[in-house]
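As structure tokens, here come the structures.
After this come two complexes, each holding chain A, first together with chain B and then together with chain C.
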Partner chain A sequence: MRRKRIWSGALLTAGAAVILLPMLVMLVWVFTERWAWPALWPQTFSLRAVREVLHRTGQLAGVLASSVGISLAVAALSVLIGLMTARAIVLYDFPGRGAAVFFTSLPLMVPVTVFAMGVQVTFIRLGLNNTVHGVIIAHLLYSLPYAVYLLTDGTRALGVGLEEQARVLGASGLCAFRKVTLPLLTPVLLAAFSMAYIVSFSQYFLTLLLGGGQVKTFTMVMVPYLQGGERNIASVYSAIFLAVTFLLLVLFEKLARRWMRHGGGNFYG
Partner chain B sequence: MKKLMALALACLMVLLASCGGGKTAGDPLADKDVADMSFEEMKQAARGTTVTFYGWGGDELLNQWLDDVFAPRMKEKYDITMERVPMDIDQVLSQLSGEIQAGEQDGSIDMIWINGENFQSAKENGMLYGPFADRLPSFQDYIDVSSEDVTLDFAYPIEGYEAPYGKAQMVLIADTAVTPDLPHDTDELMQFVKDHPGKVTYPALPDFTGSVFVRNVIYDICGYEQFLDMEPDKQTVKAAIEPALEYLRQLNPYLWNEGRTFPESSTAVDNMFADGELVLNMTYEAYSPTVKIENGTYTPTTQTFQFDKGTIGNTNFMAIAANSGNKAGAMVAINEMMTPEVQADRYRVLKVLPVVDYEKLSDGQKAAFDAVELGAGSIPQDELLAKRLPEMPAELVPVIEQIWLEEVVGK
Partner chain C sequence: MRARKAAPYLLLLPHILLSALFLAGLAAGIGQSLGLMPALGLTEPTLDYYREAFTRPDMVRAVLYSLRTAAVSALIATAAGVGICAVLVLSRRAHDRLVGLVRLPIAVPHVVVALLTVLLCSQNGLLARLACLCGLIDEQSQFPALLYDGWGVGVILAYVWKETPFIVYFVLALMANIDGSLGQAAVNLGAGPWRAFRKVTLPLCRDTVLSGFLIIFVFALGAYELPFLLGATAPKALPVLAYIEYVHPDMRHRPYAMALNGVVILISVLSALAYYALMCRKVAALRERGGAR
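Take a look at the complex of A and B:
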């Protein structure tokens, strides 16, 4: 028993180190101009990268706002469509159900670049290229599979027993769904929402090609520095990326907890 | 739940409302009108419009200059809003070809930063607007329109489909504190590499910089004249460059990772050099190392140098998309970019070699260029340009890149 605990502790530490150490190095790079081998510590520090990013605060705030807005919309739509799809797949039998399951996971199998190039011409014909809603639809296609997977599993695990119980006790279909199923599914909804949000927020190529550079998201500003090898500037952007994502995920969780406690969790009362 | 739904709906509405304003207002004048306009009329037509400028966005100094110097200047002088879109040229061309295929008339791409084989393929596929360069006053007044730097792009005739933006020339970079003896030809380079095994390499082709390094080695060993009118036939090219291929293969065992693999990009090599992992670096931007020395990325003892027989130089250009929604605005912006004031400022701030012809400038304009301090580690401009070799024809470049992959890597 004790040996097992030591092992799991060591594994956990190793796992945390693998994730945290590169993040620490990245934070050092924010202030580093030159860090040559074999020194353990940077030779030249500078605030150049921070200054250059701060210099763009106004522009960055706008880009961040639109980026977060796009990703929130994608996440909300993913959860909405994902929940309906999941319920259809789990609770109902209809012709073509297998095909529906297959097609929802298709975007995971087709590489983004291939998909983006193929869909670009269609988007232009439909007038969806270089527009915010076009980008949202494109992101949606890639975040939906995750939402559908998570929500299908959640719906399957929950089953229909409790909802049927509520119906037997006289609740309407909508009421039973709202008061019983939704609160119980909240953790899964949160997971699906967060996952869809992250998929959308970190999307680069799709936004680039279908947004045509006119729809500006955070990755559109960040990736050129990663590709251009400007390590300190790229580190500043990555730190902002991490901070914003982290804060928003915490916020989602807080909101979900609160809603579980106050909104619908009182079906025993 | 209601709150959540309301939040989601609110998000959606805000987004949908903001969609309407996303698109650049196109110029109401049709293409035919632009073709007939005088430059004054173009300025008039472009007033209040937005011009998008697509190009590589990995150079923060250049980005800032475009945003903080050039864009305000355009706004103030011509009431044109410049919108810089950072995008690699492959993606720009793929987006452009998508738009053109779909029949988009009011395209999102106006100005493009381009040169070499990308220009050739874009022009041959009808993706560029032109000829336009000779309609611009700056082009006529300040640029030596007959020089091969301006009429040819990688030996491919430009015919007015591009206007010059800046000049580039390959230089080698090393830290004289680490390696006091710098190699000035391929023989010395062989010795240099043997003296520093595992600490020299070059970016894997088809990286621009890796590609020009290999062409420079070819020039040093095989001479350059024979390539200027060579057919892009693989057998012919291979026979001509065989001595250089043999040289590169002999170099391999002493290179980084024993030449089995090469770093994927010039930026990777650049970072490896800054980190002290490599002792030799190379760049197309002859004066950019100076900026890096000032920033502290490179040591103060870093020095740029050339082969005695010279290094390859080329010009990079601005073009206009065939389906640009604002051709008049793009031409006004391109014209402004070629003015002596702007070129001098680019030379001073970005250390980009100017495209204007010094002899065509007034004394005051000349003074602006003369006043520029090139800074530590740089080669004086007259010396650099005296050892400037022309690029090969654009079609030879991919052929050589292919041969390098087959005959040099890991051999």
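Take a look at the complex of A and C:
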């Protein structure tokens, strides 16, 4: 028994190292000026790369704002539309339910490159090409399946019992949904929101093709540095944007907790 | 009563609109791959572009390269992900912090994963330096070229790092749940924990594991970032080659791009059918449990 514990402990530690090591190396690169072969540690550190990125504050702030803004919009829309879709699929039996299930997961099975190259003509015709809302719609299509997946599971696990109980006790449909279902679903809503945010934030090709260089997100700005071999500047951009992402994810969780407490959902304590 | 009937369709309305846009894009892509480009006066459907695509050696190699990297990375990531889930579930300890850590790569964009791979696996990356320290190599050039190589080792490593946590995320909750209920029941009936896991928990997780595999396989098959940033100049990955043809100044090259995309669609459609079959089982289970009013 004890030997098994040691084994699983060692395996999990190795896994943790594989995950963390690359991130730590990237953090070292943020401050690296010279790191000649074959040293394991940089010879010279400097703040040059950090300063160079911060120097263009206007650009950095603009990119941060548009990146985070687009992903927040995508996440909010994903949760809203995802919840509507999940409720339709779970709570009602109607002709076409199978088709609905199929279409909610279809984008998971069609790669972004195929979709983006195919849809560009349609986007141009609809006036969505090279616009922020066009990029938001494109991201939304690929974030939504994850949101629907999580929200369908959550809605199914919750069932309709409690909401019907509230209706029997005289609450209106909207009131029962708002006061009973929403607070209980908060952890799932949070998971769907975070996942949709991450999927949107990571997009490169959709933004490249349908944003046409007009919509500048983090990946658009970072890739040229990576291609140009400027490892330290690429690391600075990556570190800043990862830090922002993790801060936001923690913030979402805090907000959800608080909201749950005030929403009256004491069930999750 | 009529309102009740309309309710699900009203709830689905935004999703239906988005799906229509999605299908329009897909249909346009398939149409163009068949040579239908009314703007250029091409209105006769033809399979020529597919035929030509399959006789151009660079395209055939692209298909094989993409299939290989996607299949190998998805297989390794799925096996590793299920393995990690098994260790987490079977060791039955509170691993909250560890689970949080394992999920970390999910939040890391692919372009950043590309950067991490360069920092670690290139010929002057950290691994090469470690190899030098251990006396395995003396020169940078002696370190195997993991990046920009014909086998796509760097691409595969990057996908494994990024997608293994996705499998863990996708499977862990279900596996812990089943192991805690039915797996525990098997243990109570006299099965050893490993045997209970292998005979009860794992088979019950099969559908979910398979859907997870399909998702990351299709993703890797059609994703652009990693093969573009870490792949070789030849062979190129399907999406990379397709994009080159797509942005070719001569618009008549576009059907080639779409024919390459058509190949991806074909493989994706087969995967989608398999995925749909798995989802249908889920919906059937839903009906049995009487979730519908």
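The definition used in the following text is that the second predicted complex is superposed on the first by the 246 of 269 C-alpha atoms of A that agree within 3 Å, B and C clash if a C-alpha of one lies under 4 Å from a C-alpha of the other, contacts with A are read in each partner's own complex, and residues count from 1 in each chain.
Just so it is clear, contacts are C-beta pairs under 8 Å (C-beta built on N, C-alpha and C of every residue); 3 or more make two chains touch, one makes a residue touch a chain.
Not measured: the values here are computed from a predicted model.
When the two complexes are overlaid on chain A, chain B and chain C occupy overlapping space and clash. In the superposition on chain A, contact of A:Q227 is made with both chain B and chain C. Using the contact criterion defined above for the overlaid structures, shared-chain residue A:M23 touches chain C, although it does not reach chain B. In the superposed pair of complexes, A:F103 makes contact with chain C only, with no contact to chain B.
Judged by the touch definition given at the top, the superposed model places A:Q214 against chain B, while chain C stays out of reach. Counting residues of chain A touched by each partner, chain B versus chain C, the larger count belongs to C.
Applying the stated contact rule after C-alpha superposition, one finds that A:S238 touches chain C and leaves chain B untouched. Look at A:A14: by the touch rule set out above, it reaches neither chain B nor chain C.
Of the two partner chains, chain B is the only one that A:H133 touches; chain C does not reach it. By the touch criterion defined above, A:A73 lies against chain B but remains apart from chain C after alignment on the C-alpha atoms of chain A. Judged by the touch definition given at the top, the superposed model places A:L91 against chain C, while chain B stays out of reach.
In the superposition on the C-alpha atoms of chain A, the part of chain A touched by chain B in one complex and by chain C in the other spans residues 37-38, 117, 121, 227, 231. Put simply, chain B touches chain A in their complex at residues 1-4, 7-8, 11-12, 14-16, 18-19, 22-24, 52, 54, 56-60, 64, 85-88, 91, 94-95, 98-99, 101-102, 104, 108-109, 265, 267-268, 270-271, 274-277, 295-299. Remark: chain C residues 5, 7-9, 11-12, 14-16, 18-19, 21-22, 24-30, 32, 84, 87-88, 90-91, 95, 98, 101-102, 104-112, 114-120, 124, 126, 128-130, 132-133, 140, 161, 165, 214-215, 218-219, 221-225, 229, 239, 242-243, 246, 257-258, 261, 264-265, 268-269, 271-272, 275-276, 279-280, 283, 286-287, 291-293 touch chain A in the complex. Partner chain B is touched in their complex by these residues of chain A: 33-38, 44, 46, 48, 52, 55, 66, 69-70, 72-73, 76-77, 80, 117, 120-121, 124-125, 129-133, 136, 178, 182, 208-209, 212-215, 220-221, 224-225, 227-231, 233, 255, 259, 263-264. On the chain A side of its complex with chain C, the touching residues are 4-5, 8-9, 11-12, 15-16, 18-23, 25-26, 29, 37-40, 81, 84-85, 87-94, 97-98, 100-119, 121-122, 137, 140-141, 144, 148, 156, 159-160, 198, 201-202, 204-205, 218-219, 222-223, 226-227, 231, 234-235, 238, 241-242, 245-246, 249.
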